[in-house]
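All remarks here apply to the structure that follows.
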Amino acid sequence: MMAILGVWVAVGLTLFMFSFLYKDNPFYKVGENLYVGITIGYSLVKLIFETWIPNVWRVVHPEAGVWFENHEWWLILPPLFLGSLILTRFVPKYAWLSRWTFAFVVGYGSGLAIPAVQKQAEATAHPLVTHIESFDSADKAATEAEKKATDLAASKGAGSDEAIKARIDADEYRERANAAKARKDAVSAAGARADKARAAANDARKQADEMAKKGPADSEEVHAAQKKATLAERAAIGAEMATWTAYSKSEYSVLTAWGDFTTIVLFIGVFSVLFYFFFSIEHKGPVKVFSRLGIIFLMIYFGASYGYTVMGRLSLLYGRLVILRDACYPSVGFATPVLLVAMITVLVVLHFQNKDKEENA
Amino acid sequence: MSPELKKLGPRWVVFGILGLVVTVSLLFKRSTEFPGTPVVKGVYDAVEELPEGSPILISSDFDPGSEAELVPMMKAILAHCWRRHLRVIVMSLQSPNAMPLAQGIVEEAARDNGAKEDEDYALMNYKPGNLAAVLAIGQDWASQFPESYKHRKLADIPAMKGITRLGDFKYVLCITATTSVDSWLLGGVTKYGIKLGLGCTAVMATDYYPLLDTKQITGLLGGLAGAAQYESLVKLPGKATDGMPTQSLIHVTIILFIVAGNILHFAGKRRKPEAA
Amino acid sequence: MLHLKRTVPLAIAFLSGILLLIQYFVPHPWSAKFLQYTSDWQVTLAYAALLLGVGSLVQSHVTKARRKAPGWGFSAVALAAFGITVAMGMWWSVHTAWQSRTDASIVTTGSGEGSPLSWVYNSLLFPMGGAMFSILGFFIASAAFRAFRVKSPEATLLLLSAIVVMLGQVPLGAHLPGIPQLSAWLLSVPTTAAKRAIGFGVALGSIATALRVIFGIERAYLGGE
Amino acid sequence: MIRVAAIFLLTAAALRAQSFEKLEVLDAPGDAGGAAWVIWKRLPAESDEEGAKRITYVVSVAKDATGDFEEVARFPATAKFMSDNTEAFGWSKKTADWHAVKVDAPGYEDGSAANFPVYAKVVALSAESEIASGTASGIARPNWLTASKFNVFVFIALLGGVMMFLIARARRNSEIFVRRIPGLDAMEEAIGRATEMGKPILFLNGLNDMSSISTIASTAILGQVAKRVATYDTQILVPCFDPVVMAVSQEVMREGFISAGRPDSYRPDSAFFVTSDQFGYVAAVDGIMMREKPAACFYMGYYYAESLLLAETGGTTGAIQIAGTDSVTQLPFFIASCDYTLLGEELYAASAYLSREPIQLGSLIAQDWGKLFVLAAIVIGTVLALFHVQTFVHMVATY
């Protein structure tokens, strides 16, 4: 019973809030005020029983003895003092005392913010290119170092300090070359995978097209084949993108058209946008051109970010409507349709009442 | 157009059409599979690689507002964890409202997957303080969570065996609709060297993509699309997978709105000078 | 008097700011303890603040209801909702505390499993919050309809990049050649560039603002006198 | 095959003849205590890769010299070098000759401020022999300073220094150029329009609490807005998400009205607390917008998903809308539905800009210098990275 009542209440309140889309109306007002009242009451109860009592009332807790012995009890005094200063706001004459607390809160936040955002700043100020060695250059360096080590071992003796040092250097170079080799291999492997995936996708698509041509275009089989082809194409795109990623991680410093284009765009973007934000430079002349470039980047960002969000927002709506749909069935007494019809009736009646009033006036 | 409708404006028409499209597509659902991208697979692989019986921490940092995007994600991950016989510990950094929600999700998923409370999973509480809270559990778990959400002592919970601090978890998953992931990054990854996976709303995903490059997170599930891919990976099509065709349809609808908006705008503009 | 109203708060802000800042550079356990204790204070402060908030709410709604201002009935709804919620939570807490009085712990919860407040949460707050949030689904469409116009080159770019990314997000976009790639590129390159630059400005601006607060240059938050 | 066997014998023989040259236990610098580094020089047998691969190191530690040694690390000699841990040992090339393993002090409890002795032993294992080191000891101490954060300190000190300098200069010479920010110019216009229409202004402080920098900035803007509101004699509504923010808003507005010379038209209840629940707040504020039909809406401070819910509703009422937020994710929505938007740091600059006080403006110029510094850092870092030099990146890295 309680569960069904819960469904009715939930559906009703959802519809109350949705009615705002039509316009401000009594249903929405009830929902809104209910919401405000409940949330404050809810957080008050939560705060008192789940946070404040456990934390502050430790003094009367059975284990308080231990706490006093540990000399921790005085730690409660400063926040208690600051907290009670906030309450002076209820006494206008002493309300200014609350500023002490505000000063603490604001100072605390500021002190904490500096190192926190400093970290962010560091992340953004990172060089745009991290040098990644190509296999060829790393291999060349390693070979040279190895030769030098061998020569030194021959001339100065294998046990000599210099030879050992050269050996260690050479090892290090070789290790780097090996890592570069692994990256290079990863690129070719990813490339091969992508080629294979693309070929498979092409085959699947061809097959689907042929089937559609041959048989009835709307049959189950054709649908299945088309779906398969779509999936294969998606997989191919995924594989191709993975290749790019592997590639961009393999050799950045060597001039590669795509990697460099991306880097240069990134570079110009960061520069022009930062430039746009300078306070002490007027946007005139060449500065104007550059800051306008910054605006272009900003616009692309805003658009892309907006477009990217649409899905998330619609998922929410979808989720809500699923709940309303699930309350359409007899098991919960047709909650959605009943409430919807009732609400619409009331709104229509109210609408005509208001119209009458307006006309009479 | 009737004067009544005109008063309500084009906005109302947009609302009406959109509502209709979603409702209709709700009634005719067809699901398509969504292959996993490497980004999503990063989380999947991390879970897959854990030895049986290892503890995994899920920080459920969202409230009902983000339910539609994050619940399917969390359910798919929970199913995956239990299938791999991992011990799942759930807590929250976000708000007092997050735990009741998390409890509902976990208990429902546990019923579906036959997981037992306190053995296969344990629910902790909400811990305010973000970074401070992460740092605190990094030092000592019991000082922050002396008991479970249902007031059970840690010693009585088999799932909590051997866990004394954050570092004892083999993997931490932050499923969030807020900036709580920053606390996990600064406190968990940077300070205590945990492995972190991230599930977040689609909006936030772009912000956290760079973390993949710097390897601060192993993978990222962004919004419903991320959830749908994870569902495909664990072969458990659920709500996220169901929603995908609807998404395509609505996206196209909105693009048509934009086009229509432009046509109306310019048609209106061209007509004006004639009238004047 | 002016000292108490002006100088003392400025000194408090300076001290708390500087101590928290220094704390970051000190790895010693005492520094971590200091951070822990001061962040624990926020709990006590939040409690006092919430009382202030409740005071403000009750005051504004009671005045409206007493004056019988238009729509005062809705104020009564808010007050009643608040009162009933608190009463239910209190009753439940006291009730459970009484039942488990043999237990050494006096800590009870007002909203745990099976409590009236958990029902309130699931049947009232949860759907209202969800409904309010999902209205965004409608608004994101109407805002796009209204705002994305081909008015200027910049606005056109905004529109185009939005459309490309929207298509790139859904399975349907995979059928269109180049769209998924372009969408991924837009999200990873120009977006990253813009975000990096904005993020950097924000970080720098907040450091500067924080320094202004600590050194008492920014003191608007203290009001006057 | 013969060759492999030969190398095998050679290394085996070499290892047998070798001994640990140096083994030390160092306190881990700049930590909260409880950790130490065990370091030792590479064995000569590691000089070629094949040799290094054959050796496995086992590190064990104990509380005292005679105590039970517990194994804490086991790894091949090809791994774990001092050079891998730049935050502790710097970037000298020599560190590549040393192995380094970070160990926890036995018996250490987190949060303890005491010193803990660490005794360590290392054993090098190969297929047919093993050699053990002697025992070395050290003390794991909590430290008061950390060198790896020095660069952060320098940056903050520099920025603070430049700011102080520019403010001092601004005091002497109040002619400071700051470019126009259209959104801020529009604020004045919006307030004027509200006066003409006889409708109120709605000002929101964002959804963060008072300790957030964005909220501090938004209350400062509110102070400037209140001054103009008082001059024009307009009504202002400030629904608050946080009670402390409400109280601060009241103080700030009162001050604004006083400095405009109209203390008696100030009404403390124009800033009021709504609720600290995100969507409860939105529901109430949207309701206020529909009923009061404000002529202008200002959204300053930090926002989350509710940004579009607020701004779209404000848009239907026909208000002039000006937003300012450092919440990067919400900027696109404000851009789409507001008339003007202050992007990111423009929010922090707004109160300085509106106040036109030289001291405030001086600090804005310091931010420009900061940006210039970053631009330079990116260029230098990138150019050096192209030439394989990573030193600069190490210098700006934070740990």
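Every chain is named by a letter (A, B, C and D) in the order it is written, and numbering of its residues begins at 1.
In this section, a residue touches a chain if its C-beta (ideal position, glycine included) is under 8 Å from a C-beta of that chain, and two chains touch if they have at least 3 such contacts.
Just so you know, these numbers come straight off a predicted model, no measurement behind them.
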Common touching chains of subunit B and subunit A: C, D
Dominant interface by contact count, named by its two chains: A-C
Chain ID, smallest distance between chain and overall C-alpha centroids: A
Geometric centre distance via CA averages, subunit C-subunit B, whole Å: 19
Averaged-CA centre spacing for the pair subunit C and subunit A, given as whole angstrom: 17
Residues of subunit C whose C-beta touches two or more other chains: 21, 24, 32, 43, 45, 49-53, 57, 71, 111, 121-122, 125-130, 132-138, 140, 142, 144, 146, 148, 158-159, 162-163, 166, 169-171, 187, 191-192, 195, 198-202, 204, 206-207, 209-211, 213, 221-223, 225
Where subunit B touches two or more other chains at once, by residue number: 11, 15, 22, 32, 34, 63, 65-68, 96, 128, 139, 201-203, 206-207, 210, 225, 247, 251, 254
For subunit A, residues that touch 2 or more chains besides their own: 17, 20-21, 23, 29, 31-32, 35-36, 38-40, 43, 46, 50-51, 86, 89, 99, 101-102, 105-106, 108-110, 112-115, 118-119, 121, 124-125, 230, 234, 241, 267, 270-271, 274, 277, 298, 301-306, 308-311, 314, 316-321
Arrangement of touching chains [line / ring / star / complete / other]: complete
Touching residues on subunit D, where the partner in the complex is subunit C: 30-33, 110-113, 142-146, 149, 152-153, 156, 159-160, 163-164, 167, 210, 213-214, 216-217, 219-220, 223, 242-244, 246-248, 250-252, 254-255, 258-259, 269, 272-280, 282-283, 291, 305, 308-309, 311-312, 315, 326, 328, 331, 333, 335-337, 343-345, 347-349, 351, 359-360, 363-364, 366-367, 370-371, 374
Contact set on subunit D toward subunit B in their complex: 110-111, 278-279, 304-305, 316, 328-329, 399
Footprint of subunit D on subunit B - complex, ascending: 9, 11, 63, 65-66, 139-140, 165, 177-178, 190, 201, 203-204, 206-207
Residues of subunit A defined as touching subunit C within the complex: 2, 5-6, 9-11, 13-14, 16-18, 20-21, 29-57, 60-63, 75-76, 78-80, 82-84, 86-87, 89-90, 96, 99-115, 117-118, 120-121, 124-125, 230, 233-234, 237, 240-241, 262, 265-274, 276-277, 294-311, 313-314, 316-321, 323
Complex contacts: residues of subunit B adjacent to subunit A: 8, 12, 15, 22-23, 26-27, 32-35, 37-38, 65-69, 71, 96, 128, 131, 186, 201-203, 205-206, 210, 214, 223-225, 239, 243, 246-247, 250-251, 254
